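In order of appearance the chains are A, B, C and D, and numbering begins at 1 in each one.
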Amino acid sequence: MNFNSRFLNKKLCNYHFRNCIRWFVVQNRLYAKATSFPDFFQNPIFRKEDQAKLIENSELAKLAAVPVRPPASYETCSVYHDPLVNKVINHVMEMGKKQLARSLVEKAFENIKRIQIERYHLAQTQEEKNKIELNPKSILYNAVENCKPLLQLSPIKRGGITYQVPGPITEKRSLFLSIKWLLEATNDKERTVHFPEQFAWELLDAANNTGKVVKRKQDLHRQCEANRAYAHYRWQ
Amino acid sequence: MRFNTTLFSAANQANSRRPQKDPVPFQMLLPLELGKTVSGKGDKLKEAVCMQEMAVMFACFKKTEFNQQECLNEVASFQTCFNNYNDKMKLSREQGRKGILVPGEKTLTHRQLNKLLRRFPPKK
Amino acid sequence: MFSRNWRVLSRAYSQAVTFRTSEISPQHQNDKQIGLFYTLKQDTCKELFSNGGLPKSFMKQTKTFTETTLMIRQPALDLINCIKSTDFNKPVIRYVLYGEKGCGKSLTMAHMIHYAYEDGYLIVHVPWVSEWLRRVPRHKEMSNSQTREGLVDLPLDAAAWLIHFKSQNQTLLKSSDLKISKEYVWSKREKTESGAPLSELVEHGIARIKYACDVIDALISEIKILSNNKQCKTFVAIDGFNSFFYPLTRLNTPTKKKVKPDEVTLTKSFLELTKNDWNNGIILLSADQLAVPDENQDSYFPRYLLRKQGFEYLDPFVPIEVGRYSDKEFLSCASYYRDRLWLRGPPEIETELKFTSACNPFKFMEQCAPL
Amino acid sequence: MSLIIKHCRSNGITSSFNLRIWRLNSTSMDVAAKKGEEEEEFRVLDILKKRDKVQKKVARRNDVQPDRADRMAVDQNWGNVWPGPKTFHPSSVPLPIRQGYVPKGQAPPGKKANAELMKIPNFLHLTPPVVKAQCEAIKQYCTEWPKLLNSEEAIEKHYPVEVITSDYCHASPSIRNPLARIVTLRVKLATLNLDKHARDKFLRLVGDRYDEKTDLVTITADRCPARKQNLDYVDYLLTACYHESLNVEEWEKDKTEDDMEYYDWDKNASKKSLVQWYLRMKNENVDLKDEQFIEYDISQIPNAESYKNAVSSLMNDGENESTVNNYAKEVRALLGLPEKLVV
């Protein structure tokens, strides 16, 4: 029994570790205004994994004497801290009402979970059951991944004509567009439907590689393809 | 009839709005020699990158009705190409910013040029 | 692939802790099964709680989990223990459940109702008093009472409650010979004969909504008489009982006059039922902070919530506290959630959730939801 | 001129010093003597007017006496140097005092020409030896401290009323402070020897001026301009409250259970319901009146006495975990139920 549980722990840790490195959303704190902290103040390292890494590399001693900014309220060492989820919450937020935004996103997760668990119980065979993804967070990850555009059209004005020139897109911008589109699609809803429900549906659709947002991405790709003749024109 | 003589006189200190008379005399505002530095205005370079990969990807997209899932290889190659380009640009930008001179490099950033100019100032 | 492994793992983990018991009859549950979950049968559940009785959030859970399970907790066992040793010839004993918000007062009550159902009691269950007095939907039916001067009837609510009563006691009403002791005359043409079965009275109330409140009044006095005559034993359960003693309701008469709780006929009837002037029954009440407005929720203790009037009315009563989860209960609940796929992730999250939810059952459930 | 003459006269003798002054002062004669010498040469036109540089007058300072503070003897009598309250004076205080805003990396300003030191009140005239000496001096006018008042308790017993006033000492044009008029009177309620009714009434009269923890009644008066008046007023208030609380008015008979200052179980509904319950249990249908309920002897009901205590403590001590649990325990005992299940 004891052995079993230890084994289990190990496996779980492995899972967790892999889950961490699969995705990498950098969350820089870029301040719009000057903070009260000078530039040489370092950003805090608040994740236990990061701290463990530091200890492993024995870089902790370097940081010992360096002044550090206090962590923001959302920068926690909680097991469920997730940079992408936090980013989505920040996108949902309006007028700085973070608590509301957080509760909306969490309700959407709850809805996803309920829908998926229901599907799971409805499924007949074990095969089908295994196919259903129950973790709302990984559904979010899949949805965002599926909505990320690969190309962008940048308007370039030459000779009075604005050409839409296709080109590659940076990772950061594609992430931004993906979340933005998801939210735009969610907000384009009936007044009687609540945000969490609609968001849950959109996420499930997108994770399934269907739905409005994926179509929007494909439309963009189509347009890029149509304009590919201009791609060579990259005037100075 | 009164003749407005002022119309025909050249601009001077008293009245700067008078029309100029040809030939306009040359005024030497700055010394006639090359500057010691160059500005960085012309450094913004936009080049079309990964054209090949993009074309391959478009071809695949067209074949599969824009289903990304079936063109994973093409997409990956396009993205690695762009990422490599980005990394390269980042490196060169960083070197340029520091002004590190790479021997044999033909295209120099303004910082690198300025470094060279400072070392070998233009002769008077 | 990945997620499947994961699910198998979490299953394996959850099975390491036992959290279920096969003892589905509350009569036989004992303190060895504390903290374990037992499953209510689907049709029993439908019979008892289809018209209310379980909190809304819990109903949602049962739908997601595809089963109705209740945790066997100390207050319920304590109550069962008390009931088993009660002398039914003495006046009824009143029990008052109290506790913080979300600690499971209503679910303990549901557990007890199941017990009473299994034990063959006649169940008089009011799911939530505030539903009558404090919830005012757009079309709340209100009328002045015909029979009692200056009182207000809530005919729709009363009829809904009669349906609830009927569905909870359908077996008892069908089979047994519960007869009415006297004749009730409703109008010139309508009357209920003495000696008619009790179900006829109920049916009349449901069919003629206008008389629903009067029917409830009659029903309650009949139930008292029947219990006193040992023809049936009665289990009274009223959730949010302290609403009856809050100085004002949120109801307004058509003339914009504020209504006090004791100006409502339903209040009169159920206060009559909760007096200890009858025997062969059990009265289980709950004092809930949610049944009164926000500004009067400073404490969860019964004297504060019932106010002086209510305390004097019920005294002597047995206060029974429904507390937060103990360590064992929490662990068992967490493994139940894992089994039902409601909770996932590494095992160290339990410690975190225990800390953030402070072992409050409702908060724990809520915090598990987005995970 | 006249000055010097006066000078001469007063001295009586002419000295060389005086002569010199004379010469310096009679300039007009000097110029006349020079004129004769210069008349033989032409005057030179001085165009650029090179002037001799006017010598700057060197301000001659008088000899500065050394600071008085430096000349003071170490063992001098300080009381004589600083006999009474006055503004700080640097030369009178032989101490290296510093006071004021501290510039970065520097010491605070010294004592000379330091307005900060002069602004603040000082107590240099109240050094312990001086105080001691003054006490010695006034001792002859004092009477002896009563021997029996040898402890705090004894003082409290014989002089229960405590009057608190404040005197203010500060450096301002006026020596009067408006806060000095405030008078506070404190008395232990127990020393007033009030009976049950009077005590309740007194407490209602004084309201929040009574502190339950310390059993003190504190009456403060600041409405009159003089301390004497306030003192009289405080005395009056205490007297009035005391006598009023001893009075029993006609309307006090109307006091209901809600107005009670504590929960008296015998007079409350709780007893009534208990008795009713007991009668019902015995199947006695007796209609009792309110007085009969109050007088009903509960000793025949088993466990009723402890139940009464539990209810009273729940009502009087306030509701908390322990009182509610105690109540539950007693009710279970009363109703014959098993004790709470402990897991």
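The rule is simple: a residue touches a chain if its C-beta (ideal position, glycine included) is under 8 Å from a C-beta of that chain, and two chains touch if they have at least 3 such contacts.
Chains and their UniProt names: A = Small ribosomal subunit protein uS7 domain-containing protein; B = Coiled-coil-helix-coiled-coil-helix domain-containing protein 1; C = Small ribosomal subunit protein mS29.
Model, not experiment: these values are computed from the prediction.
Averaged Cα coordinates give subunit B a centre that lies 77 Å from the centre of subunit D.
Distance from the subunit B centre to the subunit C centre is 78 Å, each centre being the mean of its Cα atoms.
Subunit A and subunit D have centres, each the mean of its CA atoms, that are 64 Å apart.
We define each chain's centre as the mean of its Cα atoms; on that basis subunit A and subunit C are separated by 44 Å. In subunit B, no position touches at least two other chains. Chain contacts in this assembly form an open path, with each chain touching only its neighbours along a single line. Chain pairs that touch, as defined above: A-B, A-C, C-D.
By the touch criterion given at the top, residues 1, 4-5, 8-9, 11-13, 15-16, 78-80, 105-107, 109-110, 113-114, 117-118, 120-121, 130, 133-136, 138 of subunit A touch subunit C in their complex.
Touching subunit B in their complex are the following residues of subunit A: 146, 150-151, 166-168, 170, 209, 218, 221-222, 224-225, 228, 231-236. By the touch criterion stated above, subunit B contacts subunit A in their complex at residues 44-51, 54-55, 57-58, 61-62, 66, 68-69, 75, 78-79, 82, 86.
By the touch criterion stated above, subunit D contacts subunit C in their complex at residues 268-270, 273-274, 277, 280-281, 307, 311, 314-315, 319-320, 324, 327-328, 331-332, 334-338, 340-341, 343.
Interface residues of subunit C facing subunit D in the complex, by the touch rule stated above, are 31, 34, 74, 77-78, 81-82, 85-87, 90-91, 93, 276-277, 299, 301-304, 312, 315-321, 326.
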